[in-house]
């Protein structure tokens, strides 16, 4: 161990949420004047670690040292005070307040009478934005800003703190090429000023271009730390996943039959234009694209939870009425949404109620339903999907991510669908369950279901899909067969057809 | 995406045409709309009956009658901005008014001391609300509904069928309640002063801005490390203290305290805030708007008979007004939202 | 392996984590029912004349309107909304009923017309809440004033009192020679209907789901907006019914009937264990809550104590009831029981989100 | 008087008298309460005041029901509605409780006797005469009443209108507003009246809360001394305004005597001395003998007119 204390050091930190052990043994050691990458799969515990550093969560066990002194923050204000700035994964802004206020909330400059010095705040924001190259009006409310703009405000907020430790949790996920470039410049400047920067990202190109050290986490535990120069991308991926990648995509052969789901010219201004696709029996169709490409919106429109302006959707030849999910379910459509906690499950309801919610009408006898009837149906489907839970009245919210996803799948399979739309099937699911879900999808396809799978993970799309449709900024830019689909072709299509901005990156 | 190619390196936003912008800004404010409605009401009513404005009493009542409601609406707006609500203000007003009356009757303390005690008592009652809301994490609606009953019950239990008459109250206070200074009633001066302080507090101090932040997004407030419990306590205590003061104002203006003092006024206060553009789910709206809302509601009550509408219909008009206000609010919010989205698309 | 066709594999699940007696007895419902039993027993022993059967007669007649309105209110609060306009609808119903009757129409016709109007009034709340996405708290504060204003405005100074005695007698009739009002029968029928709808139908399942998570319910095929619209309409209708009852019982159609009753209804519903956040609650608890408040009032009056104590006790009970839930959650957390973040009212484990309820 | 009666099954105190005013916290009824209590002491029975905080009939019904449950010997009620509390009173009478209405009557079939403060025509006439005298029998006047449904108020208003039409053709009644016996409302309604009717010469407020609130508004307004005010009020509430010249004169019977008489009437009924038929007579302590008139009405006497010269002789 080096004798100078690190700017930030965590040793064997643990954190549980009820039964979920989000962090088992997280360790991280970041030197001043360095940019440190923290990588790990979804759910590896990175964000949890960050929130402990930020003072938002209190650790259950382990040590947390800043510049050699042990600390224990009770809230984020104390952490800020100690020079820790954090950009959270999800932007957290006050929608009703102005951009400037958002940046200074809780630490506005005041005069002797407690009066907030608005002019000073505005001047500083203008400077900050100039430094970041952000053209956002400082006096507008943050409501209605794009995720990218919100992310930029978060960055400005962290910068204005003049922090000794800056943690950025996937700041680039929603940013375009130029914006990422500018962000990297800022990060390097900060490093040169002696700041310890932690950079979390799933994009290895960025990690390798920017960082000098890299720490890998898996399943809530520390795996390794190395100088970036000493490791290769493959090596990191292997440590990250902890097993051979090929295991993950057990694609089974299925016979492709007649068309089931047909979408023609689906359009909702500003979100997606003229989307047409077909899903056949036994076929897994992948819907790929960058985050924010509008894939979820398309899926939600097809299912009827969101409106659309024009276009038509048919299932097995019958038109699916717009804006009527109940009818869509009756016709044989099922939809596993992207945001499990918000849309997929009633977290505060038991497993049984969750599984039988869409089928309660069918299960009712002479219009009446009882817990007994529900439990029988739910037990059957939970067993088929091997949901790990002791009792059926376990609240869905207390299950682990993977088991939650199984409950969602049980719920939808119990409707006996013809077509399953599944948005980010394995987001936030641990590696073991992940391959289970994949095997399940393969089996379902083999049994004749049509599956429309939206995924941001390229390997998942390439590993599972028979056909890949690519969206970019709401436009359908490619339809690739399994053979045609390679990382290159998909990525090219996913970044194509950007209006003015992206011509540059294509040219370069 | 936000970056554009043709703009070189993006710079700070251009300074705008100040005067023109000021005007459009002013026109866009919610408060302007209410003020215009208020003035229109005055103009129409005065046209029908000049005495409504152009008589000593007409002029006096214009600012005197709303003073008590303004006081409550300011407190209510602060609480609502933090995404809470205080239904107990009517009972707090009643209880503190009776307390003041009893102090005058039984102790002979100087007026100013009694005023301070009443305000402090209001603050304590508010603190009880705030503590229950902040620490028990129970919605303010339920808690203050409970304390509405409790505070009123305590007052009734204490007062019995007792009643305090004008003759029991120090003449100085009564004269103050009906007196004027520079042609404006004293109570109106008080409400103006309170409003000025509240506007300053809510616009220009950290406390005020944090009220907005907490109401705008409580989760984000936690992430920012704002002391949300303390702020909620402060908001409720202020509302309680203002209700206590309103109790004193009531005594000085009406001179009698019976068991029903302030009953139902909590909904008028909430109504004033809502009409004044304070969003019921927190985060936006101003105390000035709430005060204007109070002016509008009270003055409509006074104007209807003058306009020849039987006073039985007043409540219906007030109700229609509240609904109109929130529908309009939603409409403008939508339009604003769409506009912001459109701007983003263009960028 | 075949997922859709074959019989399930052998894995089995217990239906419940706790034995039935714990599930039935250790709930808010049972607590409030137990409290009711205790209060009733105490009053019967300690308070002169309380055990007299006529107590039941007066009690039922007194709480009938609150009980009626509490039924749809329970459902509305479980979906996470609120209806403050109910008492004003009672007044509106009373006045319309009276005005139509005064114009010479038979009582039954006037009744139907008044009920229809009240259903429309309720639907207005529902439309404003579901179609325009306005907060029900604000909407119904507005319609509370609006409906009351129309009621008071329409009747002006008069009260309509020339009702055929037969109707008033019917409302106050007793069953046989007992002291049980005839009104008990329709009340019990309605209670059963509401309990069945809420607890044993898919519609009821939708109500709970909508209250716990509006989005998840919508994504599962529950038509949340339609559910709420139906409930607000129902609330108007039942409040109208309560207005008719009020009018006939007192033989007087007045605009100010039932002023302030909305708060009594809500207090009773919340006391009965319904969560103001939505998603939790049951009809038996609510019935117990209404009867409890009525009983305490009746006992205190008989004991010669003032009406004011009733207010204090109602308020304290209400606060104690809601705080008990969060205190229990809090101790539960310390002991390590797994309750959900939303319930124990702590955000620490919620993902930070910037969603704002609309 | 006597205090005996047959015990009810529930073990109620059949000699007790329960007094239910329109609402609690009203000085007028507090005076009646005092009178009733005095009478009860003389008779040797118990007298208690219970009642609602708001003056609505439905809240009154609960208290009537409770008295029924307690098998009170007699009930003295000031009705908030002539009809709405009728069934509850019937219920009480079926259980053996005697019912006396006082101050504000129900329909005659619901009670045994009505103790009237003065006969309605007499009250109406005296009010009109007082205002006519003060404004020179000419000009616009308005009425500030209590609740819109108050029986006695409405009857007086009707009779005042008739009296005006018959004997005061130059006085024009331009408006009637309702202060609901609430200070603040009455106060604001007064302000409203003065503004909507710039030529107003006088206000009649036949209710104690109303006249006090109106006097308080007038006393520091520009209308003081210009707009006459009269009506029914208690001397204690009005003393200040008589002294400062806001009000010249107003009238009231003695509410204490009213309560006193009602208690005696109630006891006479409960003990079976009278049945409430026309012509029945009973002795009411210091007040002497009273006879039940037509429709079971017992009239206290003529109202007293209070003015500067005599107001200090009264304390209630």
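Order as written gives the chain letters A, B, C and D; numbering starts at 1 within each chain.
The criterion applied here is as follows: contacts are C-beta pairs under 8 Å (C-beta built on N, C-alpha and C of every residue); 3 or more make two chains touch, one makes a residue touch a chain.
Bear in mind the structure is a predicted one, so any value in this text is a computation, not a measurement.
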For chain D, the least number of touch steps when starting out from chain C: 1
Between B-C and B-D, the pair with more C-beta contacts: B-C
Chain centre separation (chain A, chain C; CA means) in Å: 41
Centre-to-centre distance between chain D and chain A (centres being mean Cα positions), rounded to whole Å: 75
Inter-chain centre distance, chain B versus chain C - centres from mean C-alpha coordinates, in Å: 30
Touching two or more other chains - residue numbers and ranges from chain A: 56, 88, 92-93, 95
Of all residues in chain C, the ones touching two or more other chains: 156, 306-308, 352-354, 356
Residue numbers of chain D (touch at least two other chains): 53-54, 148, 178
Chain pairs that touch, as defined at the top of this document: A-B, A-C, B-C, B-D, C-D
Chain C-touching residues of chain D, taken from the complex the two chains share: 9-12, 48, 50-54, 56-59, 61-63, 65-66, 68-71, 81-87, 95, 148-149, 154, 176, 178
Of all residues in chain B, those that touch chain C in their complex: 85, 132, 136-139, 141-143, 145-154, 156-157, 160, 216-220, 222-223, 264, 267, 270-271, 274, 280-281, 283, 310, 312-323, 325-327, 330
Chain D-touching residues of chain B, taken from the complex the two chains share: 49, 51-52, 55-58, 60-61, 65, 156, 159-163, 165-167, 178, 250, 254-256, 258-261, 263, 301-302, 305-306, 311-312
Residue ranges of chain A touching chain C (in the complex, touch as defined): 17-19, 56-57, 88, 90-93, 95, 303, 305, 325-326, 328-329, 335, 337, 341-349, 352-353, 356-358, 360-361, 363-364, 367-371, 375, 379-386, 389-395, 397-398, 411, 413, 416, 440, 443-444, 447, 449
Residue ranges of chain C in contact with chain B within the complex: 82, 128, 132-135, 137-139, 141-150, 152-153, 155-156, 255, 260, 263, 266-267, 270, 276-277, 306-316, 318-319, 322-323, 325-327, 344-347, 350, 352-354, 356-358
